[in-house]
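You will see chain A twice below: alongside chain B first, and alongside chain C after that.
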Partner chain A sequence: MGEGLVEQRQADDKASWDAYWKVRDIDSRGSIYPRFRYYAHKAFDAPATWFRETIVQPLNNKNRLPYYHRQLTRVPEIDECGVNDKACFYEANEQYRLDKMVDGFILQTLRQRVDRCMLYNNPDHSPCAKVIEDMEENELNFFMKYGELGGESDVRDAYMKQKHRMIWERRHPEIMDERAAKLADHKARLANGEFDYSFWKKGMFYQDKKNYEPPYEFQMSKSALEGDKPLSKDWEYYKKVSQDPEFDKDQGKKSDFRLF
Partner chain B sequence: MGNQYVKPERTGNSPYTRSGVPPPALVKTGDKPLHRVNDRMSLELHMADERVRAAGLSPAEREWRKKWVHDQHLHADEPVVVDAVHRQLNPIRTAYRLPWDKFYLHYLKPTFGVYYGTAIRVTAPKLLMAFVVVQTAYYYWKYEVKDWTHLRGLESMPQKEVIASAPAIEEKFPGLMDKGLANPSKDDYYTPTFNKRTAYLDVGETKRPW
Partner chain C sequence: MLPQLSRLQTSASIRSLGFRRLASSHSHSDAKVERKPDNYRPGTDSYAYENPWPKLNGGRLDWLFGDGWRRPLAKDQGAKMRREWIWFSQIAHDEHKDWARFHQAAFLLFTVLTTWFTCWIMFARPDWPMGREWALREAHLEIARREKAGLPLISPDLIPRDRVAATLPSDEELRDFDVLI
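This part shows the complex of A and B:
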């Protein structure tokens, strides 16, 4: 399958370039500067194209090596390790690091999609709603597992975070139900073509809640590379919230920012 | 003895010399026609006359001076230019300069002259090298793009081409513009080379539990 597929890909690429030059040719007929630009661009492009198609591609096709996809095995998770089993913990931690790296690459790919979409469709970003939705959802999931743990976190920290989140969800079922209802409503409106960016982020990227810095810490408490900051504010803020009903009624839960 | 100041005896009333004797006249005035150039700054003066210059010489010295004067008349083939005397190059430098030396000697110098021939010889290789460098950069930009299999390469964002006669082209050649022009949405905004991959088409169920 590889041999025929490689030739097919190369033929498709060449057909695409031929179509491009044909469009340029037809579009620039009857004009002066665009026609000159077409000739200049084609003349400038000719040596590199000739070199690629005459010298490089035959060599590459002759010397191409097969591509094998490696099937990596997974080790037992941290929840299957014994309390004093250091070897099992070490393996689980290495697996955690690899998973974090792969998840980071996935998120990076999704962010690149958003960048390409926004760049191409500037200034109207409405065709990018689906792409942005995918990126924001995956970013939230990434944050739920790896966020706010710092650069030196290990698998036990992530495990404890998951445990604490499960306990919190069990203790507050009404909040979780409301969140599920809002998510379903957001998905339904997205299917109807209505995208609400403030569902994910309430303002600009620098106003994201996960980028907050508490006022009682005067030094960077986390690594700047991680981009994670504490979500909570100081105790005086919460005391004032509980005592004064008019103080900060929104609490960062509403936004009038519109992406498009 | 040499440091003592000696004032000559004043014998005349000329204001241009210390002794008062007037300086010699360079050009004699009168009715006689002037056969000499009126050059008051000439350093030769009367010595331009060969007889005056040879006055007082012995016969042997006269013969010597006559020989020297005749030596100043060169043959048409003189001076003989020996390039090896002025360009003493080792064999390696001689070897790699041989092509341009031959080309310069037989074509550039006879055709364009010494100055422009040398200018062409200096400029042409530089232009060739610049062309190769620019074409290499363009080749890397066009073909060695960033891929999903490696981290090297450049990724450039395609610009939206402004096609003036888009409706006519679409009517005459349906699908040509969509095929030829770059559009990231065709690849669902993934990197373009990912959809053109020839491997990793179906790896089955992933082992990641989430």
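This part shows the complex of A and C:
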């Protein structure tokens, strides 16, 4: 429409406030106290709005200074640096630090989207399937790129992590093929409107199997952070598992957690 | 009759002994000790000069610190150099000037400078070389760019895969090197 972004935003803002006052006007018709309250609020709002729209905004639009977002030139990555080239390593590490911060803020933005969507659509979170999918996928990508390196890692550690991962993928093509097939199946079901949250995370904290220790002689058999924990506190469960081949064939290997 | 008589004699002798001892000690100590009022506190009668705040006399601070807690007087207020004065290493010949200069310096350093430095760190520090504000804006711009290009918002690869694959060692070179991820 030829206007600038500032003019568009101001027009949208004015339209929103006009709609608000129209609702107040229609809502308070035929009543006594709400109508007088509307008049009182309007009496305060009208001169302030007039002053802002006729005096303040033209001055601000005339004197507005532009804001420039700094464009950083990309420097050679760590794979193009010489082994003893400390200047090249320093530049690559600074670039890695900024890229990691940008990715962290991207992930933070995605998490905020999920939080706002779940808060807005409480208790039915099914409209949030897309934003949850985006957040989980990019959180996994962030972990694959930067995860478990520690606070003192530099760009060489991240580079070695990627190299090791690619070597592992080369050595296990069958696992990578199965993961790709499962991901494609998950995406197809998501497109059909079926969102399976357990594809990303198998459960929540309160479903962690670390709480499945027997109530007697409480001595932790393994670290609570590991995944291999007892399935049940009931000895009869294990007896039935050993005697009945058809009883509980999954044995905790599948998750039935439903987000919605 | 006999037990009652013995008990009476014993109590009488003890009573006379006590009286005699008390009488001798009391009469003996009277000649040496000067009596003090019942609200007397040791050390509260050793002012170096006449106290200009009489209403504050006899308080807890006087009882604890004597007159050391009071603000020193200026010369025109009738100040004299106190024998108990411990100086602030500023001016050795004037107690009030010494006190005033030290407290002025302490206010400038501890209050004004600390507040300004805190506010500078919180509000006025430039973004670089940390780049945190830049990264936050760049994150939103990057989201818009990647959504338009159809790429994942966060790439799992630090360096493009083809460039890394070109330099990966072969299986013959790695031999039995175990890769755990």
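FYI, the second predicted complex is superposed on the first by the 167 of 260 C-alpha atoms of A that agree within 3 Å, B and C clash if a C-alpha of one lies under 4 Å from a C-alpha of the other, contacts with A are read in each partner's own complex, and residues count from 1 in each chain.
We take it that a contact is a pair of C-beta atoms (placed from the backbone, for glycine too) under 8 Å apart; a residue touches a chain by one contact, two chains touch by 3 or more.
Being a predicted model, the structure only gives us computed values, none of them experimental.
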Quiz item: Does chain B (first) or chain C (second) touch A:16, or do both, or does neither?
Solution: first
Self-check item: Partner chain(s) touched by A:40 [first = chain B, second = chain C, both, neither]
Solution: neither
Quiz item: Of the partners chain B and chain C, which touch A:120 in the superposed model: first, second, both, neither?
Solution: first
Quiz prompt | Touching partner for A:48 - first (chain B), second (chain C), both, neither | solution = first
Quiz prompt | Which superposed partner A:188 touches (first chain B, second chain C, both, neither) | solution = neither
Quiz item: So, A:69: does it touch chain B (first), chain C (second), both, or neither?
Solution: both
Quiz item: Who does A:180 touch here: chain B (first), chain C (second), both, or neither?
Solution: neither
Practice problem: Determine, under the contact definition given at the top, whether A:109 touches first (chain B), second (chain C), both, or neither. | Solution: both
Exercise. Could you pull out which residues of chain A sit against chain B in one structure and against chain C in the other?
Key: 69, 102, 109
Quiz prompt | Parts of chain B lying in touch with chain A, wherever the complex brings them together | solution = 135, 138-139, 142-143, 157-158, 160-161, 163-166, 168-169, 172-173, 176-177, 179-181, 183-185, 188-191, 196, 198-200, 203, 207-208
Exercise. Spell out the part of chain C that touches chain A in their complex, as residue ranges.
Key: 131-132, 134-143, 152-159, 161, 163-165, 167-169, 171, 174, 179, 181
Quiz item: Which residues of chain A touch chain C in the complex?
Solution: 69-70, 77-79, 96, 98, 101-110, 134, 137-138, 140-142, 144-145, 155, 158-159, 161-168, 170-171
Quiz item: Taking the complex as given, what residues does chain A use to touch chain B?
Solution: 2, 5-6, 9, 12-13, 15-23, 26-27, 44-45, 47-48, 51-52, 56, 67, 69, 71-74, 99, 102, 109, 112-114, 116-117, 119-120, 127, 131
